[in-house]
Amino acid sequence: MLSAIAVMALGALVLGAALGYASIRFKVEGDPLVDKIDACLPQTQCGQCGFAGCHPYAEAIAKGEADINQCPPGGEEGIRRLADLLGREFKPLSADHGVEKPKAVALIDEQTCIGCTLCIQACPVDAIVGAAKQMHTVVESLCTGCELCLPPCPVECISMEPIAEDIATWKWKYPVTAIRPAAATPLHPSPAQAA
Amino acid sequence: MGIFSFKGGVKPASHKAESTALPIGEAPLAARYVVPLHQSIGGTPRPCVAVGDAVLRGQRIGEADGWISAAVHAPTSGTVVAIEDAPMPHPSGLPALAVVIEADGCDAWIERQPADPAALGPDGVRAYLQQSGVVGLGGAVFPSHAKLSAGKAGALDELVINGAECEPYITCDDLLMRERAEGIVAGTALFRDLLKPKRVLIGIEDNKPEAIAAMQAAVAKAGEDFAVVAVPTRYPTGGAKELIRVLTGKEVPAAQRSTDQGVQCFNVATAYTAWRAVAFGEPVTSRLVTVTGNVGSARNWDVRIGTPIAEVMALAAPNPDTDGVVMGGPMMGVMLPDTAAPVVKATNCLIAHSPALFPPKPAEMPCIRCGECARACPHQLQPFELYWWSRAKNFGKAQEYALFDCIECGCCNFVCPSHIPLVSYFRFAKSEIWAREKEKAAAEAAKTRFEFKQLRDEREKAEKAERLAKAAARQAEKTAPAATASERPAPAAPGADVTTSATVAAPSPAADGNGDAEAAKKAAIAAALERARAQRASAVPRNTDGLSPARQAEIAAIDARRESATPATAPTPVASAAPAPVPADATTDEEAAKKAAIAAAMARARAQRAAAKPRNTDNLTPAQQAAVAAIDQRRESTGLASPAGATGTAAAPLSTDPHAAPASSPPAADADRTSTP
Amino acid sequence: MSHYLFVVVGAVLVNNVVLVKILGLCPFMGVSKKLETALGMGAATTFVLTVATGASYIIDHFLLLPFGLEYLRTLSFIVTIAAIVQLTEMAIQKSSPVLHQTLGIYLPLITTNCAVLGVPLLNVTNRHDFVESLLFGAGSAVGFSLVLILFAGIRERIEGADVPAYFKGTAIAMVTAGLMSLAFMGFSGLDRYQ
Amino acid sequence: MHGPQPPMPGTTPPAPAGVIGAAAMARCTALILFVFVIVFTGLLAGAYRLTRPAIEASAREEKMRLINEVLPPGSYDNDLLADALALPATPELGLPDGGQVLRARKQGRPAALVLEAVAPDGYAGAIRLVLAVGADGRLLGVRVTQHKETPGLGDYIDPNKDKNKAHPWIGQFAGLSLADVPASGWRVKKDGGRFDSVAGATVTPRAVVKAVKKALDFAAARGEALYAVSAKEQP
Amino acid sequence: MIRRDEFASIANNGLWKQNSSLVQILGMCPLLAVTTNATNGAMLSLATLLVMALSGAAVASLRHLIPHEIRIPVFILIVATLVTMVDLAFNAGLHGLYLVLGIFIPLIVTNCIVLARVEAFAAKNPPLHSALDGVFMGLGMLWTLSLLGGLRELIGAGTLLSGIELVIPGTHALRLLPEDYPGLLLASLPPGAFILLGCLIAWKNWMEARAARAKRPPLPHSPSSPAPAAAGPQG
Amino acid sequence: MIDQPAPYLLKPASVTRVMAQVLLALVPGIAAYVWWFGPAILVQLAIASATALAAEAAMLGLRGKPVGPALADLSALVTAWLLALTLPPIVPWWLTVVAVLFAIVVAKHLYGGLGQNPFNPAMVGFAVVIVSYPALVSQWPGISGPDAFAAQLDAILGHRAGLDALTGATPLDHLKTALKLAEGNGSVAAVLADAGIYGPLGGRGWEWVGLGYLAGGLFLVARRIMTWHVPAAYLGAMAVLAGALWLFDGASFASPLFHLFSGGTLLGAFFIATDPVSGSTTPRGKLLFAAGAATLAYLIRVFGGYPDGVAFGVLLMNLCVPLIDMYTQPPIFGAKAMAELGRKEGR
């Protein structure tokens, strides 16, 4: 009994000392993982993930406080990237946080705009130009399609326009194979779609 | 002259005899020409004619847009009836901007003036070729003038002229060499004079003995020392890199330009058109097109650019079972979704497709990793690995296996026993990767802007708090009444401080009252000077300096618009960089002085920039500039933009390649207005 | 001398910890999705396992056996291992943050890698002497890393395969591990001269 | 409990405080760890004390179970486990590292020897055996204690794996003695001996038969001496 | 105490949703190594269950005393102590089984699922919940290990519950397949374990896919659909 | 308007054609087999083929893929034939069925079918049965004319009573056991001279079967179905290793010729290690793969627990294929120039 306790106590002391020394010797600060995660996010800053932007979400993922499937703008592709980075299993987008939509940009109806500047303040990426009491315009190439400018507009003059394909943005499609992959699960239209 | 060889390659049946029986024919004039503006790699030319304008053959209708871009010309005389989106000879079937010309039947040329290369000088010749619309006719349609300057490696060792024409069915270069060899040699001499290579090599596949003989004769006649080399017939010897390898033994990697290895390669037709342009003043308005395949009479035609493809096909009397038209050869060509699309500079061959001629492909089987494709690949890639990863959409892996070294020659596809459309998978993977890269760059940019905005918001908040605190302090201490003046004297736009504030400049001339610290004094002087200049620059200073350049530009445009629309509003508000003339407060704090100095310096810099270029669009990326310009144009068309906005501004380049979009220069009028108080 | 060779060959191939002894499977399944991480995990485990076998031999022979405290083996071994792992983790975090990130949650999991406790215990059951213990430990670790890396290579490849839906992911990985284990059965008998 | 410390903005210079805090914290946690170690080790030691008698008993029982398989329980009356002899390296039994001999006595007279033996040339390595040899030189029983023979092929030497439950292969040895079987008979039938084997797997039985024969030879040669040594004085 | 829904969720997690063997892929070593028959699998699972329940309760009770930095060493200490106690108990009470399970009893310490549950659940929940979680995780393990073990011995030898005599003396294994069933030995060997487990995981995937398909929201024309209310003015 | 991508020309080649030629190339070996060991092997080939086709069709059906084209590619038949040729011709029918099922269902279709399996299906099937039924899989028939057919058929149907008369050890197995039993005083030469199962090259009869495989293999190389790399490296490595040990101790190690012509060496070198799907694909990778497989086969057959190591050698090297392929990528066009560029910039 006593010898057991003595032996274990001795061990605990030695190991404790080693760990204590190491914790001071190998102290590290910062977390490069967050930046890597952040780089996988679309930077739309829309907050659909439940965080105040992409970086906070990245921090939450790194800390293990958020799952990897909460960013609708990133879509499946983004989740795959995260799963790959973090060595986790892919999982479909969490329905609580929204659905993946085709990319769109905001369009301000310039006839209706009253120049209240509220959308300018709302846009996280400075994509709206204009000054007070003047009509505002969205710089298409800067707009990330986050839709944050929609709610503040008092006259509801902002709408989302899906981006149309042209020759420059056209992509070669996935070749249709003669041997078809296993029969896909039948499409059940959701009630909302059907309505 | 050693002939080298490249690994891989295939030998499909050549089918060239069908279309070489007849000499080159002159295609009859069409009634209507659709001339796409984007016909070469790089920027999209801007239209420089208007609807209703009368044009002559060879008249420039599209202005080169940047260095990697070439002008576009009217193929015949007539009237511009539309500038609109029209169907393109492109696999997508999507339309693009084109100038539609109704021919008047006279086919009158503009005044053609030969150029004198000696007088123009090398740079002049390059510019001349660009203006003449000379682009690579070998398939890549890369603006030739851009390829005509020496690369990093200094002087060129070899100039290679590509007469290989390795793809089955195509014979336009063959016929060109047979019938117009002298022009090709003269064009080659022109290139030689520009590039000064040590040797000039003309490579022709040995299945074209007539062309070789004709070229040899022409070279001898011209007294040049060009070597006409017969190269073994094997697809894709005509690929620039393969031909360079065969003729010089040099391998040009994908990540390099051939000039870095001291070689440059041009197609024979390119040399010919360059010579026509220089020696006769004829811009590129037509090209040779082989019309063959499932047709009654296969032949090469000299076809005007812009001729509807259906009309060209009709010349060859396609057989009734024709079920499509392939533009290009059977190995690399594309099936055209719409034969109303016009002939463009890249159209070297039109093949009538029929199931008898090109049997439908057997069903795709799984890859058995037999390695046939790897043995056939002229770039020694592992197509089945590329396929494996492209199919699985693991693009990172595909790139690891050098996806972007693939030239899409189709050799692998040709030999695959499983009939896998390998090239389609590679194209899919490549375009996905490009799209993703674009997205990533956009995300990165969005992130920077977001962070900048956050920083600004924070700073604003902090400054506001500070200001409030100071104001409170001042109130309490009851200091000099001068100091209690309003923070912003008569802002022109009352709402402006909501969106942005002059926070940077706010504490500007802080320390001008006391002289204890030298820095403070200097800063004060600078700030005072600054203020003076700013006041000079604009009668009513507005606090727009905290704005991003993009937004400043926008405001300027909007202001201009307002001005023209409602002249009764406030006197000419202009984007400027005036620091808010916040009165000096009594603090003698050194820190404040330093801050003030910095702020003043920044303000000064900004003001200078603003003075020089009121539309502060210079630090936008070309793409963003293009976007801004596009917005301008939209407004213009809805009648909202000011005349000032319209002057000088080019019409919107509906860019197809955002990266090569033009840098729209700021209208001079604005600049003038800003600098005159 | 040659029997040391057989100890090593036996540990690496014939009685491979993962495929034959069935130890250390959680990291084997968990960290084999990418080759890079497998390499890192292999290196980390090799280090920890080798050190752990040495340390536990010393503890067993100089602390436990003299006092008749064999029943404290599990406790003392695991505590030692946990400490070694933590030290390794700190060292890696300092020296190679990238590696630390890619290994993610798996570094601490070395503590709960059965192989790391199992090999010292096997050393005790097999009555290995110090050199044999070390060789057995290192051999097992190399065997672990070897199959982990090979497995990662194959998993990367079958990632692109058209695996039936229900078998995608872990299920097919298990089957693959089974076939690997089957292949390793070919080595059986190679250590019989031991 | 573990509520977060209220932040004190502006007052504490952060870095040094962190270091001092860490050191103090480290001491504190080390102490807690130490206490845990002591407490749990104590618990464990207690548990060990409680279970030790039971463990020893079952270990003994296990050993006796094996012995009883080769040696009928009624055939001796001494405490076998106490009457053990440690053997030095004994090549005759294939024991390079030595082994153990148990001596069964009935009414003080030698009854049987329980020997360990190793057949080194099994198909897949050594096969460990336990055999009981009566004082009359007769085999009382043989059991395989450890082997690596191919499952499903060579493992029929283990009665638990032998498909023939009624007459396990290993049962052939019971009752035989050197006197009954001539030297040439100590082979498998395929080689002209008297022992059965399973077709396709004769390497294993050959090894076992050879080892058993050698063990009998050993018992015959050294039996007397082994019975004679007292448990205290080792040969 | 504990609410019904909490209980249900803990039970569902342990038995199915977060099943350690089929979903979390933790605790693989015992799962594959000792499941040569159902008995071994079940007994080792029971041992693990005991450890998990006790360690869950212990950690949950002590969680406020354990500083965050040294929680892992302390957890390990607690688990190792409990495992050693279980080990001692097996040694004393079920010596035969103890010998068969070998190092896999002490290896419960490193069974990833034990520490994972302690860390993920017990460190954040009250003792009763934690103990229950341990029990259900253990039960989840119990059924998977028994199933896998049963399948392996059935395919491998045609029997079920072999080795039961080590637990309940006097009983014996059931022979389910005919005596001349040749047995696919592979199933009893490590490769068979891996492949069968792969199939079990695929089976679970299939069950879940089926369940998900059954749970799909009914088609919009179905009157029971709750969705149309939210479908907007046009609906 | 049809919608097909370029190229519009295709070489006339197909998977079916490739597989058919492989089957054809096996014929000489099979003929020799029948000549020496009787027609039982034909029965096994039939059982294996039927099982393979049925399993392939069932799996394709279950996975919702079109059955026709995949059955027509003949790859399942190649697997079945190779598997049957590696098993003793007198194994009970159900054993062949089990082996083929493992090959087609587990090793092939669980990975997505043709072209995607990392392990050689036929060898997986073989390994499964040799591990599970070592006794049955090591009973080979002795040389026998057609007259033994009835007895062989009986054995295939499961009546294995009179089997001992039919069977004899294979040369490899016999040599190994004989050397082991003789405990030092037996030499290879003595063993080979002693038993009547050895011929001038390898095993009697077996050497002719091997020559048949060799002929078929050379045909495949000539038809460019496969490249020379794998067979050359396989046979080369086997010969070098066997030769080295033979020179070192000719009494304990058989000659390289013996090793080349016994067991599955020639079948393995030309038909099994050459499986394009599970083998390495780069030229250097093929050399490495085959040399590795041959080395392992030799080590296992001489020192290991199994009579021959061809199957395990191939399976073990299958494990390494992704890594081998990754690190033996041939230099791509222009790689030299890039390397030079890198060097220049590095400086």
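Each chain carries a letter (A, B, C, D, E and F) given by its place in the written order, and its residues are counted from 1.
By definition in this document, contacts are C-beta pairs under 8 Å (C-beta built on N, C-alpha and C of every residue); 3 or more make two chains touch, one makes a residue touch a chain.
Given the structure is predicted, the values throughout are model-derived calculations rather than measurements.
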Which of D-E and B-F has more C-beta contact pairs: B-F
For chain B, which other chain has the most distant CA centre? D
Return the distance between the CA-based centres of chain C and chain F, expressed in whole Å. 32
With chain centres defined as C-alpha means, what is the inter-centre distance between chain B and chain E in Å? 62
Quick check: how many Å separate the C-alpha centres of chain C and chain E? 23
Could you tell me the distance, in whole angstrom, between the mean C-alpha positions of chain E and chain F? 41
Multi-chain contact sites of chain C, meaning residues that touch two or more partners: 30, 71-72, 75, 79, 83, 86, 156-157, 161-162, 164-165, 167, 172, 175, 179, 182, 185, 188-189, 192
Note: chain E residues in touch with at least two other chains are 73, 77, 81, 84, 88, 183, 185-186, 189, 191, 195
In chain D, what residues contact two or more other chains? 33, 37, 40-41, 44, 48, 123-124, 152
Complex contact set, residues of chain B against chain F: 6-7, 10, 12-13, 168, 241, 245, 250-256, 260-261, 323-324, 326, 328, 330-335, 337, 351, 353, 358, 360-363, 365-372, 374, 378-382, 384-385, 401-402, 405, 410, 413-419, 421, 423-424, 427
If you look only at chain A, which of its residues touch chain C in the complex? 3-4, 7-8, 10-12, 15, 18-19, 22-23, 25-28, 32-33, 36, 84, 86-87, 89, 181-182
Over in the complex, which chain F residues touch chain D? Could you list them? 132-135, 138-139, 163-164, 177, 180-181, 183, 305
Report the residues of chain D in contact with chain F in the complex, numbered from low to high. 121, 123-124, 150, 152-153, 198-201, 203, 206
Spell out the residues on chain B that touch chain C in their complex, using ranges where they run on. 366, 388-389, 391-392, 394, 397
